[in-house]
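Presented sequentially are two complexes of subunit A, the first with subunit B as partner and the second with subunit C.
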Partner chain A sequence: MLAEALRSGDRTKLPGRRHEGWRWTDLFGALTTVPPLNPERQALGSWSVPIALDGVVVRRFAAPIQGGVEHVTLEVPAGDHRVVLDLIEAGQGRYVRDLAFDFTLGVGASLERLVMIADDADAVSVATTHVQMQARCDFAQTVLASGARRQRVETHVDHPGGAGRVRLDGAYLLAGARHADQTTVVRHLGRDGESRQLVRGVVAGAARGVFQGRIEVLQGADGTDARLAHNGLILSDRAEIDSKPELEIYADDVACAHGNTIGALDEDALFYAMSRGLPEAEARRLLITAFVGEVAERIRHPGLRDQALIFLAAQAEAFDGEGR
Partner chain B sequence: MLKIDNLHVRVGEAEILKGLSLSVPTGEVHAVMGPNGAGKSTLSYTLAGRSGYEVTDGTAQLLGDDLLALNASERAAKGVFLSFQYPLEIPGVPALTFVRAALNAQRKARGEGEISAPEFLKKAKAEAANLKMDFEMLRRGLNVGFSGGEKKRMEIFQMAMLAPRLAILDETDSGLDIDALKIVSEGVNALRAADRSMLVITHYQRLLDHIRPDRVHVLAAGRIVASGGPELALELERDGYDKYGKAA
Partner chain C sequence: MAADVETLATVEALAGEKYAHGFVTDIEQEFSEKGLNPDVIRFISAKKAEPDWLLAWRLEAYARWLALDEPDWAKISYPPIDYQALYYYAAPKEKVGPKSLDEVDPDLLETYKKLGIPLKEQEILAGVEGASRYAVDAVFDSVSVVTTFKAELAKAGVIFCPLSEAVREHPDLVRAYLGTVVPTSDNYFACLNSAVFSEGSFVYVPPGVRCPMELSTYFRINASSTGQFERTLIIADKGAYVSYLEGCTAPMRDENQLHAAVVELVALEDAEIKYSTVQNWYPGDAEGRGGIYNFVTKRADCRGDRSKVSWTQVETGSAITWKYPSCILRGADSVGEFYSIAITNNRQQADTGTKMIHLGPGSRSRIIAKGISAGRSTSTYRGLVSVHPKAKGARNFTQCDSLLIGKDCAAHTVPYVEARNGSAKLEHEATTTRLSEDQLFYAMQRGLSQEEAVQLLVNGFVKDVLQELPMEFAVEAQKLVAVSLEGSVG
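Right after this comes the complex of A and B.
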């Protein structure tokens, strides 16, 4: 929808409150005009990725200078294994970008993907991924977000069932007035499919986190085992988290678990850490990093996992003095 | 080492400590016993600097410094260590990472340099072996999924690593089986030193067979109501707190 608005310049095409699933991420309200499409890109450089990230395909996406639309496809042939790091890099200013990814996995293929998305605090940025899987595929994704004026990472997976597995994880660490939305839709189409999701978020200042996780178990997808957990930490009175886990089940003998918790930093744990000598700011940082770090720990590829942990630790630093 | 005078502490609306006075000379180990709800944990939290424990009157000094003016981490850097009655679980932070961060933060606060990684690891391995702990436990999330006894052992491990001046052990014996009690007590005894004091809170004389205290105090209804030698613990074991309950 954003891409359409950018291509046509028609502001009324922007997704907003009136659209299902965009209630909390209102782009129509956020943009009074649609910037013109401009193929020029800002310089890369928000991340320095170690050159030797063994066996990982690193793709870097530079921010547009005004409006930008990009469409990226990836095909993993039958039986192949790929590890992908998508760095959606920050630019400066009020750019508006729409990134669309289409992944196709052949029979027995596996793909592990880490998305790290950074944006200017004034930017509007949407990245949408559609994943088509065949039998016995393994798709694992971790999205790490730090927000923008409006930022959304949306992932749709069609799960054929069988021996296939899906992991869709995410973490967001938001300070200032940043907004990040993680939206997932997993459709279980066939029998005995498994899906796992863990999304953790921390909001400080006047930031806003949005999580929407939808699991559909279609008719015939009996024996599906789908689990989703979203846990949020709110560090300030002005910060907010909106979350909506949704389950739609049309099959039999299905195991589905939805966990959704939102709370404050554990004061008892904070005191425990301080009583051992950690100054308050450091104790907070430790607890916050550990909270979101559990998402990174689920990444199988060690190099990718390290990148994720570094990203999260850097984000947690930004909370200093803001969480009170 | 520790000098508490006329301490009054309020938690929420209730006054829990009501004029508590207690002195622990340097190098001594004192036991504090008392009925449930007497205020023993309140005393340890107050000394460790937990927020919500409001001191309305009285003083507490560590080696002449006003403890009450410091926050929890500053007190730790000064050498206060509290072994919690109910240790917290910290998911996602391995015990080793946690203790190393705490130790380095304390050293930094005291103007000392960081401990090197090999030196730290060597010390951690030695202390874990003393306490007969599986070293792999130290690589898992701190206390996550640990049994009550394992958590207590982890507290003593941390105490050994942090080498405090004043150790407050709040019911470190509860939850320990007979063998673990021996191991943990030996760990504590190994830390007895001329420049270190300990305040051992317990309900059971049994612990004091292992950790021989220099003095025993009875805390009832927010005050120290009796003090004596180790024989006082035996008397309490026999007679209970009846006579102190009435006095309070």
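Right after this comes the complex of A and C.
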């Protein structure tokens, strides 16, 4: 919807509160005008990630100068295994970008993907991924977000069932007035599919975290085993987390569950860490890093996992002085 | 709701149908003109001999209603409702507000007897020594037929009467509270109700009084092409306690009938209201013909500190259920609870849940929702837990479980959570499964038939909610659960 608005320059095409799926990510309200499309890109940021990582395809996406629309496809041939690191890099200023990814996985193919998205605090940024899978595919994704004026990472997976597996994880660490939205839709189309999701987030200052996760099990997709968990921490009384985990089930022989918790940092754990000699700020950082770190620990590729942990630690560092 | 086992069994045996309350009472009735316009509203208001302010209030609501669109976000589908093809007022002739039971039309008494609702106090009293009693307000289409135990309740200072009577007898109370929880402009169906509401119960429990018995209202739709639009207002003053129960049934017809009620609860400091519903409107037949469209707005305002409201609902009837009993937790340390069982079979559709709006510091809420879908039905839990910045230390626990019986049914869970402060603690968990084959097998190899085994397991599944109902109703509800699911396996 954002791409359409950018292409046509028509502000009324922007998604907003009128649209159920965008009630907490109001782009219409955030943008008083739609910036013109401009193919030029800002310079790549000095991301501390090596360009070449062993066995990993690293792709870097520079921010547009004004408005930018980009469409990226990736095909993993049957039986092949790929590891991808998508770095959606920050630019400067009030740019608006729409990134669309289309992944196609052949029979028995597997893809592990890490998305790290950085944006300017004034930017509006949406990245949408559609994944088409065949039988016996394995798709695993981790999204690490740091927010923007409005930022949304949306993933749709059509799961054919069979022996296929899907993992869709995410983490967000938000400070200042940043907003980040992680939205997932997993559609189980065939028998005996499995999907797992873990999303964790921490918000401080006046930040706002949004999580929407929908599991659909279509008629005939019996034997589906789908689980989703979202856990949020709110560190400040001005911060907000909105979440909506959804189950939409049309088959009876299934095991589907979701869990959703939102709370404050565990004071007992904090006390324990401090009684062991850690200064308060460090104790907080330790707890926050451990909380979101569990998401990174689920990444199979060791190089990718390390990058994720470094990213999260850097984000937690930025929390100092916030969240009281 | 209190249909006793014998009635249930007898009617079922005679009709060969699963719905025990599907008969029609042949009684002379008076209608408003068909359709909805300001004149019909004036007619209803005049029938109730209402003061001018109430008529103005209704007309204002009507004007707002005209400007609203019917909501379409729920997971339900139905053909467009023709609001001009309904009667908005139907009443048994000349029986508006009888003074004593002797004046009540015997046909009506017979109807309630058939439904198992005791309206004669002496009959109730003649029961077993020590048996618990409850007062009943019986609403038949658009009017209240009789309210029992009024005198005894009055001794305790409790006002329990039809709303239209309260408007006449206690206008200040009604005016002070009516529409303060669900304003006329609240939503499409609440707005319609505000314009045409015809009856309902009014309860006022004075400060410090514990209502001496259970109160209940029994709603019956009888006339065809008629909508029922009752409005209930319950006020528990400081430190008061009241337990209230509503039940509903309707005849079996091929047409769909509209029921759009509004319930407003107000709990002041330290007050507690327990509101239970056993909803058994006619659900339509196996092919989805007929049945009640149930569009209900229920909301409680926990105004006072340490006030508490508990909603318990057993939803087994209606072709369509659209209902979200809510709590606005305004007072400090106020408590909201929602316990629900929603059972859908055949082609029923239910979209139900709750809203817990935490405004007061230390407010707590608890949601237990159990959905059971069978046949070709759809059951949706839709809920909102919202914690505002001032609700420091707010606490919510939500559990939604869905049970699927059969290949063609659907179950959905749509919980919204909005947390806006750093000291709230919110937990939500939801599961969807089918009846466990292992458990069924175990129960059957112990000698139970398949249907008995399913009943046993389902009763276990909904136990957490059933135990929140007043005891005598819990027994009835348990039977209702079994009847609703009949024919869903094998």
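The rule is simple: the second predicted complex is superposed on the first by the 321 of 324 C-alpha atoms of A that agree within 3 Å, B and C clash if a C-alpha of one lies under 4 Å from a C-alpha of the other, contacts with A are read in each partner's own complex, and residues count from 1 in each chain.
Assume a residue touches a chain if its C-beta (ideal position, glycine included) is under 8 Å from a C-beta of that chain, and two chains touch if they have at least 3 such contacts.
Worth saying up front: this structure is predicted, and the values here are computed from it rather than measured.
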| request: Overlay done on subunit A, so just call it for subunit B and subunit C: clash or fit. | output: fit
| said: On the A-aligned overlay, A:Ala221 touches which partner chain: subunit B = first, subunit C = second, or both, or neither? | reply: neither
| request: Could you say whether A:Ser275 touches subunit B, subunit C, both of them, or neither, answering first, second, both or neither? | output: first
| message | With both complexes overlaid on chain A, does A:Ala62 touch subunit B (first), subunit C (second), both or neither? | response | neither
| request: Tell me which partner A:Glu248 touches in the superposition: subunit B (first), subunit C (second), both or neither. | output: second
| said: I'd like to know which partner A:Ala264 touches here: subunit B for first, subunit C for second, both or neither. | reply: second
| First (subunit B), second (subunit C), both or neither touched by A:Glu240 | second
| said: Just checking: does A:Gly293 make contact with subunit B only, subunit C only, both, or neither of them? Give me first, second, both or neither. | reply: first
| Which of subunit B and subunit C A:Cys137 touches, first, second, both or neither | neither
| query | On subunit A, which partner's contacts cover more residues, subunit B's or subunit C's? | reply | C
| query | After the superposition, what is the least C-alpha distance between subunit B and subunit C in whole angstrom? | reply | 16
| note | Touching subunit B in the complex, subunit A uses residues 266-269, 271-280, 282-283, 286-287, 289-291, 293-294, 297
| query | For subunit C, which residues count as touching subunit A in their complex? | reply | 73, 389, 392, 402, 404-434
| note | Seen from subunit A, its contact residues with subunit C in the complex are 20, 219, 232, 234-264, 323
| query | For the complex, which residues does subunit B have touching subunit A? | reply | 48-51, 71-73, 75-77, 80-82, 84, 87-93, 98-99, 101-103, 105-106, 109, 141, 158, 162
